[in-house]
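Chain naming follows the written order as A, B and C, and within any one chain the residues start at number 1.
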Amino acid sequence: MPVVTSGKAMAPPPAALPPDTTAVKRVLEAVLLSTREPLTLADLRRVFADQVSAEVLRGLLDELHSEWRERPLELLPVASGWRFRTRAEYMPYLERLHPEKPPRYSRAVLETLAIIVYRQPVTRGDIEDIRGVTVATQVIRVLEERGWVEVVGHRDTPGRPALLATTRKFLDDLGLCSLAELPALEQINSTLDLADAQ
Amino acid sequence: MSTSATIAAAAAVEAPVSPLARIYGEPLVQMPHDLYIPPDAMAVMLDAFEGPLDLLLYLIRRANVNVLDIPMAPLTEQYLVYVEAMRSQNLELAADYLVMAAMLIEIKSRMLLPRPKAAVGDDAEDPRAELVRRLIEYEQMKRAAQALNQLPQAERDFDWVEVWVEKTLLRRLPEVTVLDLQNAWRGLLRQAKLHARHLVQREELSVREHMTLILRRLRDAGGFVEFVDLFDPALGAPVLVVHFLALLELAREHLLEMTQMEAFAPIYLRLTDARGDFR
Amino acid sequence: MPVVTSGKAMAPPPAALPPDTTAVKRVLEAVLLSTREPLTLADLRRVFADQVSAEVLRGLLDELHSEWRERPLELLPVASGWRFRTRAEYMPYLERLHPEKPPRYSRAVLETLAIIVYRQPVTRGDIEDIRGVTVATQVIRVLEERGWVEVVGHRDTPGRPALLATTRKFLDDLGLCSLAELPALEQINSTLDLADAQ
C-alpha cells in the first residue's frame, strides 16, 4: 500500500493544472465522498491550491453529476455547496440498518415551518395569526433543534418578539440551493371543489 | 339566501321541528348527520383539525361553496355544533375555537344589518372580508406545508454520504527549518560554552560537506577509487580546493587510506574501514 | 428533479432475492458509502431482510472491491466488517480542507541533527561529547528513518563507530542545494555573543 511518507510527498501537488481532468475529477470524488459538510467552489479550489479555476471545477462537477447518474449516489449542489447523497430508492434498505425512525413531522410542525419558509422573517404571533391557533413552544423547538429555523432578530414592537427564519441547513436538508427553488405558493381557488376534500 | 340553501342542502339540514339544544343562543334542531361524530371518535377528530380555520375550511369544502361568498348562517351553525360536541365530551376546548365562534356570530349579525352606504364607486366592506382573507391565507400555508413535506428530506428520504477517512494513512512528519537548526546549535553553544573550542568557519562547513561526499563516494565504490576520479575540474578551482582539503582532513582523521606504489604512480583511496570488509 | 412524494412511495423493497446481482451490488454500495462504521456480513444480510446469503454477499463484496480498484475509494474488509475508505494518495488534498498543525521534533532530535549537519561526519560519541548527554538510539533512528541521516563510513578506532552524515534528501527537504547555503556558524556564534552580551 503506498504510504505517503515524507514531508515532500505531503507538499502541495504540482502547482500547474494537473494535465488530465480525469485526475482532477478523481480528487473531487475522493474529497466530496469523504466530507460530510457540503463543499463550496472556494473549498474545492483550496483542495487544488487554487490552481484550478472555479469555471473548470464547475464543469467537472457537472460531468461528475452525470457520471453518477446510474449509480446509487447523486452529487448535488445545495445551498452550502456540493455534496453526495444516497438516492431515495435506497432509503428502505438503509432504514433496516438504522432502527431509529427518521423524523416525521406533525401537521402543526409542518404548517409552522411553511409559514416561516414563505413569510420569513416572522414572529410567533404572526404564525398564530395565520394558523388561528396558539403555537406550542414545542413546535418551534422541534424546528430549531433540527437546525432548520433560527432567530434572526427581534421586531421593534412591545415585547420585542423574536423573528424566525429558515437556515441554510434547511435548504441543504431539502436538497435546495435557495428559497427560490421551493414550490411556488398555490393560488387558492376561491371555489373549493369537493375533490380537494378527499 | 340562495347561498345558504346550497350549504344547507349539502349539510342536509332538515326543516326545523323543535330545537335539540341551544348553542350560543342558536337553536339546534338536529345534529347535521354529516357532522355527527360518535363520542369516542371525538378525541381523534379533535386531533384531525389544526384549529378553527382548519375546521372552517373543512366545513366549506364539504359544502363546496365559494369561499368568497360564504353563507354565514349555516356555516356558523355547523361550526357551533362541532364546538359544542367537543365541549360536551368534556374535552379541553382550545380558547382559539371559542374566539372563532364569537367572530363567526359577530359576522353573521353584521350580515343581517343594512350595509352602510359607502361613497359612490366604493365597495362596501363585506363583514366576511377578514375571515375570507384569513381562510385563503391559511389554506395556502396548509397546502405549502403538504408540498414541503413531499420534497425529499435528509434522513427521511436520503442520507448524506461520508466515507471513512483513515487519518493514520497520512503520516504527518515534523517540519524542520534552517532557523530550527540554527536555534538548536545556538542552544548547544550556550549550554556547553563550545564557541571557544569550535571556532568554525563557513569554509569549514563546505569542507565537512565534501568530507561526507567523499566518504559516500568511497562507500558506494566499495573498494579503491583512483585519486583523480574524485575530482571534477568542471566544478572550478574553489570547489577542487575544498574537495582536496576535505580529503586531507579525512586522511588526518584516519577515515581513509591513500596508497601509491611508487612515485608518479596512480594514487588510490579507500575507506579505512573497507579493509577486510565483508559487507 | 424527481420528487419523492411521500413515505408511501418508500414501501419496503420486495422481500425476495432481487433478480439481478447488479441491483444487490448497487444497494451494497449505497449502504457502505453512507455508513462510516464498518458493516458486518450480518448487517449486510439484514439490509436484504436475510434474503441474500452470506456467501453471495461475500462474492459480491469481492466484485465491488475489484470494481473500485481504479477509483479514489477502496472497499476493504477490516476486523469489524467491510467499509469504504479514501485512498492514501488523496489524503494530501483532503488535508488542505482541514489543515492540522504539523508535529514538532524534540529538542534532542533537533540538536542531534544540528550537530550532524555542522560537524559531519560524526560518530554518536562525538554527538554525546558535544551535547554532554547520552544520545538515545531512538533519536538517531528517527533521523535515519526520515532519510535525512545515514552512515557514510566507520571511524578506525576501537569499536569502529559509525560515521553519520546528512543526505541529499535532507538538503532537498529543506530546500537547500548544498550545506554551504546554511548560515555560517561564525555568524551564529557572533549573534550568540551579541545576545549574551545583552
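Just a few scattered comments:
Simple rule for what comes next: a contact is a pair of C-beta atoms (placed from the backbone, for glycine too) under 8 Å apart; a residue touches a chain by one contact, two chains touch by 3 or more.
On a predicted model such as this, the values are computed, not experimentally measured, just so you know.
The central chain of the assembly on a C-alpha centroid basis is B. A centroid comparison over C-alpha atoms places C as the chain most distant from chain A.
Inter-chain centre distance (chain A to chain B, centres taken as mean C-alpha positions): 7 Å. Put simply, the C-alpha centre of chain B and that of chain C have 28 angstrom between them. Rounded to a whole number, the gap between the C-alpha centres of chain A and chain C is 33 angstrom.
Annotation for chain A: residues touching 2 or more other chains are 3-4, 6-7, 10, 33-35, 73, 84, 86-88, 90-91, 94, 104, 175. Among the residues of chain B, those in touch with two or more other chains are 149, 151-152, 156-157, 159-165, 169-170, 172-173, 175. Residue ranges of chain C in contact with chain B, taken from their complex: 3-7, 10, 33-34, 36, 73, 83-86, 88, 91-92, 94-95, 100, 102-105, 107, 110-111, 113-115, 117-121, 130-132, 146, 152-157, 160, 163, 165-166, 173-174, 176, 178-180, 182-186, 188-189, 191-193, 196. Here chain C touches chain A in the complex through residues 1, 4, 7, 9-13, 26-27, 29-31, 33-35, 39, 43, 46-49, 71-73, 84, 86-97, 102, 146-147, 169, 172-173, going by the rule given at the top.
Interface residues of chain B, counted against chain A in their complex, comprise 50-54, 57-58, 60-62, 64-68, 94-96, 100, 134, 136-149, 151-165, 169-173, 175. Of all the residues in chain B, the ones that touch chain C in their complex are 149-152, 156-157, 159-166, 169-170, 172-178, 180-192, 194-195, 198-202, 204-206, 208-209, 211-212, 215-216, 218-219, 253-255, 271-273.
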